[in-house]
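Two complexes, one shared chain (subunit A), two partners (subunit B, subunit C).
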Partner chain A sequence: MNLTLGVLASVLALLPGLALIAAFNLTTRRGGARRPEMQLTAISALVLAVFFSTLAHLFTYLVTDTVLAFLQALSIRFHTSAGPVIRNPLGAGFEALGGRALPVREGLWLLGVLTAEIILVANLTMSRGFRLLIDNIDYNGQGWVFEHITRPAENGYTPVGHVYTSTMSGRFGIAYKGAVTDIRQDEKGQVLSIALSRPERFLYEIGPEAGTTAPTRRRWFKRDRTEARPAERDADVGIRHHGKESAGGVVSLDARVINNIVVHCIANSLLQEIDTNLSDPPTGDGE
Partner chain B sequence: MASILTIDQQRTAGSAARKVGGYSELIRLERERRAAKGHGHVERESGTGRVVFTGKSLDTRPE
Partner chain C sequence: MNVAQLHHALFLTGVLLGAAGCIALALLIGKSLLSDLWKFLFLAEFRYRIKSAQVFFGLSTIPASVVYLTVFPGYNLDILFFLILTTAPTFAWYATTFWAWQQDDIETRQAALVVAAEHAERDREPVPRIDQRLPWRGYIFDVETARRRAAYEPPPI
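Right after this comes the complex of A and B.
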C-alpha cells in the first residue's frame, strides 16, 4: 500500500476517535480565556483517537455481528432470502487494509457503519452527561478564570467584572463595570486582556474623602488630646465610586492598564426575568 | 478564540443593568435571589422606583 492510501486508510480506521476530538472541540468552543481546543497534532490527541476508535469499533463490531447473525437466523427460520450473505462490514474493512479485495456491497455497508459510529460518538460527546463529566476539569490550567468566569458562563451565569485601571489622576482613577465577554491568558495563566460588554464607566477614589484632609503631624507636646482616634480617622479612608455613566458597546482593556479585576456572577434566569418583565426606569437615573 | 458570552447574553445583561439602574444593583438582586434560594420574583417598588427581589420562601434567617 502506498503512502497516500496508507494515510487515507489510517484516517478511516481512526475516524470515530477523530470525530470525538472534533465534537469535543466544538463543544468547548466557548471556553473563553485561552482556547482549550485540542490540537490534532498533539500526542494526547493521537492516543485518545486510537483508544476511542478501538472502543467504538469493538462495540460496533459486536453489534453488527449480532444483527447479522439474527437476520441470518430469521432468514433460515422463515426460508426467505434477502440476497447473498455478507461478512461483517468492519471485519471486511480491516481485511481490506491488509490487501484483500472489498466487495462493493460490503464497502457500502462499511460506509453506513462508519457513519453510524461517527453519529454515535458525536452525540455522546455533545451530550449533557459528557459535559457534566468534564465540567469540573480545568484541563487548560485557566485557574481562577476557569472557576469564576468560564465555568459559571457554561452553567447559566453571566460573569460581571469590575476592572480598576491604572489610568489615574491624583487620587482618582477610571474603572469599568460590565459583563465579561472575553478574557485572554498567556501560557502561565497571566491575564493579557479583558473585554467588557455594555460597560459602565466610573471614577474611583482612593484615600480620604475629598473635602477632608489627612490629619497633619504635630509635635507631641502640642498634640490636641481631643484629636480623632486612629479608628475614627480610618473611617473616611477607602475606595469610593463616583460619576457612573453608561459607555455602551464593548471596552477592551489591556493587561498594562489593569490594576484589579473583581468578578461577580449573576444568574441568567434573573437577567432574563428583569429584561422580560420590567420596563425601563421612569427617571433617567443610572444613565 | 471565541467569546465567553453570546451577543444575545450580552444584550440581555446590558438591558437588565439599564433597567435596574446599574450592574451594582444587579449584583445586589443576585444576592437577594440567593438568600431567597431562587424562589421569588423581581418587582419595582412603587414609591422609590427601586427594583427588589421578593422572596417566596419561609426562610427567616437574617441576612
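Right after this comes the complex of A and C.
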C-alpha cells in the first residue's frame, strides 16, 4: 500500500479507534481462551473504530477548547504570558490534512492531544469497569468455549477438561485430564490447541474389556449353557478409563491429536476444600 | 540573614512549591479526565450507589465553582467547565468509594475482599485487610464482581 496523504489522514482520524482495537486485542480473557485478533477489515471492528474515534475526537476537542480558554484566562488574570494564542490543535490538524500549514506549536500540541486520546481509550478499554461491562458478551464469538470455559473461569469455577487423543494402540488410547489453562480457536471457531495444567494421563479403552475375546461362533448344540447371553455381553462393551498417573507441569495438545474434549466446571471453593482435607490427614479421634 | 538572602530563600521556596503544585495539578487533571470521569458511567451501568455518586459529584463541583467565582469572575464559562472536569471526578470518586465502604455491611466487604485478594495475589501486591479504615483502590469494582459471581450459575454438568 502506498503511503499517501489519504492513508495518513485516515490514520489520524481513526487513531483512537485503532488504539481501542489494539487494547481490545491485548486484553486476554481469564481462562486463557483466545480467538485470533479482531481484524480491522471486519465490519464490526471498523464500525467500532469509527464510533470511538468520533467520540474521542469530540470529547478531546471540547476539553482542549476549555484548556486553551483556561490558559488564556490565566494569562489575562495574572498578567503573565503562556505563549502566543493558538488554534485548537485538533482542528488545526484536520485543516492541515486539507493542505493548510500546521505551525510547529500547534503540531506539538496535536501530538500531546493524540497521546492523551490514546491513553484515554486504552485506559478505558483495559479498566475493570469496562471488563465488567462486557463480562457477559461473547464479543469474539467463541461459542461453547465462552460459556463453558471463559465465563466459569471468570466467576470462581475451574474448567476441568478431559481430552481424548487419537494416539491409539488397538482399543487403547491416551487421554489427559486437567484444568484448562489455554485454548485457542481459529477464525471459524474450531479448536486449534488446548493446554491442561497439572494433567493426569490415563488410558481409555473402547469396546469389550481387555481379556474377554469376542465369542466365536459355535454350533448351537456345542454351545456352553453357562455362557453369557448376548444382552449380558453387551454390558461390558463401552468406554472404560484405566489407572491415572500424574504427568505434572502442563500438556499442550494440538488439534491433530484431539478426538474429543469434555469440559466440566468445578467450583474453586470445592477444590480448596478438597485440598485442605487432603493436606490435613484424619487425626484418628473419630472426627 | 540579610534581606537579599531572605528574598533568595523565599524565591526558591516559591519555585519549589509552584513546581510541586503544578505536578500535583497535572496528576489531578490527568486522573480526572483519563480515568475517574468514566468510572461514573460504569457505576450507572452497575446500578450501584448511583444516588450517592450523583450527590458527591454535585458537592465536588463546589470547590471549582468557588475558584471560578473568586479568581475568574466574569470570565468565559469555559473556565468553569475546565475546573469542574478536572477536579470534580477525582474528588467525587474518592467520596463515593469511601461512602460505599462506610455503608456496606460486613458480608459485602468480606465478599469484595475475596476478589481483591485474588487480584492482589496475581499482581503481587499487599493484600488489603477487612478492618482497614479506608477502602482499597477499586473497592466498588470488587463489590460488583462479587455480586455477579454470587448470581452466576455455571452451565449444567
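Following the convention adopted for this analysis, the second predicted complex is superposed on the first by the 160 of 287 C-alpha atoms of A that agree within 3 Å, B and C clash if a C-alpha of one lies under 4 Å from a C-alpha of the other, contacts with A are read in each partner's own complex, and residues count from 1 in each chain.
Everything that follows uses one rule, which is that a contact is a pair of C-beta atoms (placed from the backbone, for glycine too) under 8 Å apart; a residue touches a chain by one contact, two chains touch by 3 or more.
These numbers were taken from a predicted model, which means no experiment stands behind them.
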Identify the partner contact of A:Arg240: answer first if only subunit B is touched, second if only subunit C is, both if each is, neither if none is. neither
Subunit B versus subunit C as contact partner of A:Arg87, first or second or both or neither: neither
A:Ser127 contacts which: subunit B (first), subunit C (second), both, neither? second
So, does A:Asn155 touch the first partner subunit B, the second partner subunit C, both, or neither? second
Identify the partner contact of A:Arg105: answer first if only subunit B is touched, second if only subunit C is, both if each is, neither if none is. neither
Please name the chain, subunit B or subunit C, that touches the greater number of residues in subunit A. B
Answer with first, second, both or neither: which of subunit B and subunit C does A:Gly178 touch in the superposed model? first
For A:His264, select first, second, both or neither according to whether it touches subunit B, subunit C, the two together, or no partner. both
Residues of subunit A at both interfaces, subunit B in one complex, subunit C in the other: 264-265, 267
Spell out the residues on subunit A that touch subunit C in their complex, using ranges where they run on. 63, 65-67, 69-70, 73, 77, 116, 119-120, 123-124, 127-130, 132-133, 135, 147-148, 151-152, 155-157, 264-265, 267
In the complex formed with subunit A, which residues of subunit B make contact? 1-5, 9-27, 29-30, 33, 38, 41-42, 44, 49, 51, 53
Would you mind writing out the residues of subunit A in touch with subunit B in their complex? 29-32, 34-35, 149-150, 153, 158-160, 177-184, 197-198, 200, 244, 246, 264-275, 277-283, 285-287
Can you check the complex and tell me which residues of subunit C touch subunit A? 33-35, 38-39, 41-43, 45-46, 71-72, 75-76, 78-79, 81-83, 85, 138, 141, 144-145, 148-149, 152, 154-155, 157
